[in-house]
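Taking it in order: structure first as structure tokens, then the write-up.
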Amino acid sequence: MKLGELVKNPKGARLAGIYRISRFEVKTAKNGKTYGDCFISDHSLDVPAKYWDISNESVITLQENFVLRIEATLDHFKEAPQLIIDNVSIPSRQEIDEALKQLGMMASQDIEQLYEALTAMIAGVECKSLKQILDYIFVGDKLFVEKFKRHPGAVKNHHACIGGLLQHTLEVAASAQDYCARYARVNKDILLAVALVHDIGKVREIEVDAFGMPVGFTKEGKLLRHIYLGMEMVEQACRQVGVEEELRLILKHCIYSHHGQAEWGSPVEPMILEAEILHYLDNLSAKTEQFIREEDKALPGGFNRSYTLRRDIYRPSEEWT
Amino acid sequence: MKLGELVKNPKGARLAGIYRISRFEVKTAKNGKTYGDCFISDHSLDVPAKYWDISNESVITLQENFVLRIEATLDHFKEAPQLIIDNVSIPSRQEIDEALKQLGMMASQDIEQLYEALTAMIAGVECKSLKQILDYIFVGDKLFVEKFKRHPGAVKNHHACIGGLLQHTLEVAASAQDYCARYARVNKDILLAVALVHDIGKVREIEVDAFGMPVGFTKEGKLLRHIYLGMEMVEQACRQVGVEEELRLILKHCIYSHHGQAEWGSPVEPMILEAEILHYLDNLSAKTEQFIREEDKALPGGFNRSYTLRRDIYRPSEEWT
Amino acid sequence: MKLGELVKNPKGARLAGIYRISRFEVKTAKNGKTYGDCFISDHSLDVPAKYWDISNESVITLQENFVLRIEATLDHFKEAPQLIIDNVSIPSRQEIDEALKQLGMMASQDIEQLYEALTAMIAGVECKSLKQILDYIFVGDKLFVEKFKRHPGAVKNHHACIGGLLQHTLEVAASAQDYCARYARVNKDILLAVALVHDIGKVREIEVDAFGMPVGFTKEGKLLRHIYLGMEMVEQACRQVGVEEELRLILKHCIYSHHGQAEWGSPVEPMILEAEILHYLDNLSAKTEQFIREEDKALPGGFNRSYTLRRDIYRPSEEWT
Amino acid sequence: MKLGELVKNPKGARLAGIYRISRFEVKTAKNGKTYGDCFISDHSLDVPAKYWDISNESVITLQENFVLRIEATLDHFKEAPQLIIDNVSIPSRQEIDEALKQLGMMASQDIEQLYEALTAMIAGVECKSLKQILDYIFVGDKLFVEKFKRHPGAVKNHHACIGGLLQHTLEVAASAQDYCARYARVNKDILLAVALVHDIGKVREIEVDAFGMPVGFTKEGKLLRHIYLGMEMVEQACRQVGVEEELRLILKHCIYSHHGQAEWGSPVEPMILEAEILHYLDNLSAKTEQFIREEDKALPGGFNRSYTLRRDIYRPSEEWT
Amino acid sequence: MKLGELVKNPKGARLAGIYRISRFEVKTAKNGKTYGDCFISDHSLDVPAKYWDISNESVITLQENFVLRIEATLDHFKEAPQLIIDNVSIPSRQEIDEALKQLGMMASQDIEQLYEALTAMIAGVECKSLKQILDYIFVGDKLFVEKFKRHPGAVKNHHACIGGLLQHTLEVAASAQDYCARYARVNKDILLAVALVHDIGKVREIEVDAFGMPVGFTKEGKLLRHIYLGMEMVEQACRQVGVEEELRLILKHCIYSHHGQAEWGSPVEPMILEAEILHYLDNLSAKTEQFIREEDKALPGGFNRSYTLRRDIYRPSEEWT
Amino acid sequence: MKLGELVKNPKGARLAGIYRISRFEVKTAKNGKTYGDCFISDHSLDVPAKYWDISNESVITLQENFVLRIEATLDHFKEAPQLIIDNVSIPSRQEIDEALKQLGMMASQDIEQLYEALTAMIAGVECKSLKQILDYIFVGDKLFVEKFKRHPGAVKNHHACIGGLLQHTLEVAASAQDYCARYARVNKDILLAVALVHDIGKVREIEVDAFGMPVGFTKEGKLLRHIYLGMEMVEQACRQVGVEEELRLILKHCIYSHHGQAEWGSPVEPMILEAEILHYLDNLSAKTEQFIREEDKALPGGFNRSYTLRRDIYRPSEEWT
């Protein structure tokens, strides 16, 4: 249950689920007893909580920023909701993911299946150099892969959930494969490669919390942005692998230009066919997700004002959907 | 042979092929004999020609703006090339098309096959109303169909050849079908319908010559542009067929907004998901064709300045193509 | 009296005037008696009201959204103002209009006189075709005329009152007649005709309530805007009347271009002299009304910040006004 | 006759008319005789001329930049046209004006009549201070009046002829009088005053030749532009006359803001009602003249590309004009 | 002590310092005694105060808008803080300045020293005419000098304190002297002169309160802005002194163009080398001060959102500062 | 002597100086003798030349793109100038430089002195890490240093000569040192460091000919531009030297943002004080050089149209220079 919904319940309501400990301190009550004073969070709300009968063991378990299974009872303190913790335990990775899904904080598709689809795409690459560089980044660099698989695709708006970056990357890559099937002139390996790497800099640009949810930008994210960071990552990978000079240039140019024009963050406009196509398909994936999110807020046959898209969005009547 | 190439040949060279009579007048020579004074054109060049031994029959055949099979010999008059016509005859439609293809003035794909693909798409539409309206426009309105099949997609730049409008329309429609296959939320019938009708106003906007090549804009094309003209055509068709009010609104809105923003000619931005997708896919089809045309002018590993795209286009080295 | 002022009075204050029933329901009280539970509105405020001694006749009279004469006494219920209805009756059209004028919700000039001025202008048109088309729209189409005469000219800012559209239309038309008197080159019939039809699409674009006051945009208003809707209306009228092709084109172009440039909603800039003049005179009428409204809010010799005009407005000292 | 036409005539053609001496030098021929070597100009062309039998008196008459009556015969020298002067004489002011009119270099309306209309307008001003200041500038300052009456309104495009500034000023002032007749709120004296002074800075901004035709900008015209120069002139006049502080502010603000927004040269947008109206009426006068000039270049029912207005201009068919 | 801090103290806290009397009225209490009812202000807060035992002498001292030394005791009236005045006296200019410095309302450098530096710069000018004009403005015009020395440089953001205009002027002038030392081509006297006069119009543009702090714009400040006002002041000074025409033009052009481009308020872009340099150095001084103010609000190693600069500002870690 | 001047001389004129061999081929004449057929260039002109009596040794000396001392006689062949080579020899580096200076192709200051000034600046850096990184780039990387010292600062407009990059870099660095002397808050080491490295990417961006003159952009220059290339170079240097993470970030951010805003090529605006100052000082150095070059083309007291700066440039009369 979302904390935002829980607190609407009457006193005495029971809570059992997986949440983040957003603050934690061991305090001593007036009666001399030790208790835990903490905040419990699920990214939509922070609720204060007391753990009166805290055991020594629990003191170790309950660390700030940990994600734990919590059982508690709803109480009120000075007219504000407060939880009385009955029990805490450490959940498995799988249990955490299920909880995140229920809280609407994960990509709609399964992360492992998405990642398998990505490696399958790489396996189909014919150009040796490109395959090597993609393998190096998306398979060999274990540290990066762990982050990339669960990273959000944005701080807000579209793909701003766990696994959002992977899902967006695959949407662009899949559209790219469809599209180049109909144009003999497009180099399908290059287009696929740049579709896969175009946003990898976001792993260094977006700051995440213990759940993996976006909370803002990192210092280098603000000062250098994901486009430059992604180019630096590709440049380093290329140096390790030893890719031909021209391919390096093509990969870096496609990342540099994928926002399409200077005002949107790309100092060079696409000068290579695959860069141009990438720009449109990237935009299309982002805008489709945003549109669907905004349409959801409108009633059939009605409008919803989207402040992100800066216009009203119309949702057709049910007979057309 | 292109006339531009012919005139580089020495005097006496022979010409036999299909060309347009761009001017024609019957004159009387100083010796009292009647002869034909005309200009022969293939959209790249106009060459003056004399038909000394013109028969009465030929006078009837040789009308201004007709497209005819011409046999002639290259001569020079006051240091400029001039043709002496030996014979003229009326070619078949098929012969004309073959000639146009050789002169690089037709879409790269076969027009009839493209049109069959279009009608097959319409056949697959499930929504009755949309199917009816598409049938009315693309099958029932014979006059429109004849024009639409051979109309250019633009006055210059991309798809500016005979059949270019049909080819561009099908590119957008095919991409649309690919794309919506991966998004359950997209209404595939609406997206297909608006992909097919989005540019039909060009039939009234672009002026063509006897070959069917674009020569500029019509009066209503300049004063009202293809977006409005297309909406008017859809509105009229809807009134004939009796389509639901909301569908009419959706179709017209998607056409009105498909250039994406006011500065690019759309007074309303896309407010419907399918309108947004159409905007990007339309752009993608146009830009891909333009890019390929510009890339062709560069050497592998070199740049070509594109004045249409306002940037340099890079053509990767041969090993990557 | 405006409801906004009424509620500042002490309990027991009497109300008698013409208002809208914004909600109405027949309920049964704890004592078994039937009463009317409603809301009374004058576009500035909605006040809850009870009609305890409701007669059967009154139940028929009191329909949601009706505009009625109401006599009531101010009461308070749970610290909020509430009206106790004493009597309701059906007012005449004339009585309603007087009430609207007092509430500041109507054009400053008399609607019927304005409409007479408009028909007199049409009577003076020399070009037969233009006269026919103007007669068809502004005289023959009774349904349209009824709406047009009382429609607001905008949702907010300038001319956003009952009859505002008619008043703005006549301001533009009168300026147009003055202006062309001094330029022999201007076609006075065309300029007058486009001045009269330029905003007729607003009848379909702006949603009004039972009083006729603007409450937002209609569905087609948002998706297609008044410029396109007006063109469609003119096109349909032209088809009925059978106007020359070029005049149709001129009329539609002048409407299409009257916002002057793409960013302001006109995909084509004015290409005809009369279209250019219309653009400036339309702007001038709108800006003059807005300026006067903003100036009213400033003290003589002082400034008022206008958020609509995005600047400070200065009102000269009294000696200059 | 325009010199541009004269030179198309065969050798021996006779010229008699009023022209400018654009260069003049007394030289000595090989045979020891003195002759005049000069250039004759009518703003469209400069033609070299020789005055073989020059008298001492003529040497005095023939000064560079003088406008004179010239009789001459067309000759050729090294395949270029050359005039042989037969006689020169000093024309009256009236003769000069008639010549200028025939050469299409003067305002279409009579300058003295225009000026009388202007002084009549000033005579009708009720506000004493404004009347005083207008009298000071447009009647009292003889030096200014002489220049102002014949000054061009622009270097090119609209009103770029002798008297063009006066004509444009009166067009704006007359529209202003029409317009404020229908708005009680507009201060008619202020609006008239600012209509009359808005462009007086052009007298110092635009450089003219001996004919009075514009040849470019003066040094201060380039560095300070007419808006600032006009404000300086009004400020100086106000100081002389002793006008109230607020009126001075209003006059200067209306001049400063009359281009409407920063990008068009007005650092402040209109903040006073009369300033806003002036901005639109000034624009309207300029655009109407430009439109008519561009329309003249199109055939009825055809388009003309206007590089000044950056669009195609359509001239309706003759039946509508 | 700032009033904003004082009111956080418990009842009975003592206040002694220099403040402004923002409102003052002599009233009669119910017991017939006369007392002073006033507000005390320090630009951050207005606090109501009572002066029960007011002497006749004090009634004369306590004028609205005066800046006085006040001793008082903190009280509360209806839960809001109120001061009970014990004593008032007239402070010296020096005492006032010290108080302003402590309240953070004065330029960081000493005003008299800054002014001496300015006159020293003028003394070093070699061009007689420029020296004369600078002397006239910055030394001779005592009234102006008194205002200029203490005037704020802006209403908010950078240099918005007493003496801010003088400080900014000297920063630009000092940078100008440094800069031209390395470019022989720059005329050092002209550059210095325009650096000194570029913002003098702010003395008439910005409204100040009794402390000399900016409270908004004057009427002429809003309608004409400081650029025009400064030009008018220079023009008047030049007329008095009798400076060469070209120098007048240069000085006025440099002021007119110093915002660099039309959108930023300069209708002419810099056309003279010294004008171009002035534009950049002016900008640099303003931006450096703003940046430092914004940086102060960030923690070392952290960001601060600047709404003035429309970006996040990063403050490097302490080891780099 | 510039070749452009030489060819105006009569046949037989003698040429002796240092030029580039822009094309060279050994051919055999009809009489069986071997001769050299070449083009001689000085960046302003290419002149064909024949070396009839070519020795074997000379064949080795005369390589395409070599810069050599050439003695020749002016001849004409088919009415076009042609040189007959008498002798060629290999000049010293110093001789080449002197020649370049005379041809106006070198920085006005001595390159070695400029470089010494640069190393002296580095020697004064107090921050160890910054000193290390500057030493690594500007002293340790011999290959880079050789290029950097003679590289042009731009392809055209300002600093587009040999040594122009070094000269511009020092101008910015010197201004930076002056400027920060007056602001305690500016970190002088960081500001100096970023002033020195801000344009180093130009070494990889601009293509030079054998003289070292700019001839266009390199492939990576077009696809990635100097801003990214410079960041990559700094990143690589930092990795070698082992600089603190935050300093790396600061250096890269200052390079990334130094064009000030997205439309001018910087995807991030300056967020660090030193970045902001760098942006203005860089601009100032570039604009000052451009202004001086454009001013040179105007007469004193006159204007020159600058197409680079998009305005007219005024050159004050001689008395003010």
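Labels for the chains are A, B, C, D, E and F, by order of writing; each one numbers its residues from 1.
Keep in mind that, in the parts below, a residue touches a chain if its C-beta (ideal position, glycine included) is under 8 Å from a C-beta of that chain, and two chains touch if they have at least 3 such contacts.
Since we're looking at a predicted model, the values are computed, not measured.
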{"item": "Smallest number of contact steps required from subunit A to reach subunit D", "value": "2"}
{"item": "Path length in the contact graph (subunit B to subunit F, fewest steps)", "value": "1"}
{"item": "Result of counting contacting C-beta pairs for C-E and A-B, higher pair", "value": "A-B"}
{"item": "Interface numbering overlap (same over half, different under half) for subunit A and subunit F", "value": "same"}
{"item": "Whole-Å gap between the CA centroids of subunit B and subunit C", "value": "47"}
{"item": "Chain centre separation (subunit B, subunit E; CA means) in Å", "value": "68"}
{"item": "Distance from subunit F to subunit E - Cα centre to Cα centre, in angstrom", "value": "46"}
{"item": "For subunit E, residues that touch 2 or more chains besides their own", "value": "219, 222-223, 250, 253, 271-272, 301, 303, 312, 314"}
{"item": "Arrangement of touching chains [line / ring / star / complete / other]", "value": "other"}
{"item": "Every chain pair in contact, whichever chains are involved", "value": "A-B, A-C, A-E, A-F, B-C, B-D, B-F, C-D, C-E, D-E, D-F, E-F"}
{"item": "Subunit E residues touching subunit C - in the complex, by the definition given at the top", "value": "219, 222-223"}
{"item": "Residues on subunit E engaged by subunit F in the complex (per definition of touch)", "value": "127, 171, 174-175, 178-179, 182-183, 185-187, 190, 246-247, 250, 253, 269-273, 276-277, 280-281, 283-284, 287-288, 291-292, 295, 301, 303, 310-314, 316-317, 320-321"}
{"item": "Subunit A-facing residues of subunit E, complex", "value": "301, 303, 312, 314"}
{"item": "Subunit C partner contacts - residues on subunit B that touch it in the complex", "value": "219-220, 222-225, 227-228, 231-232, 235, 249-250, 252-253, 256, 262-268, 271-272"}
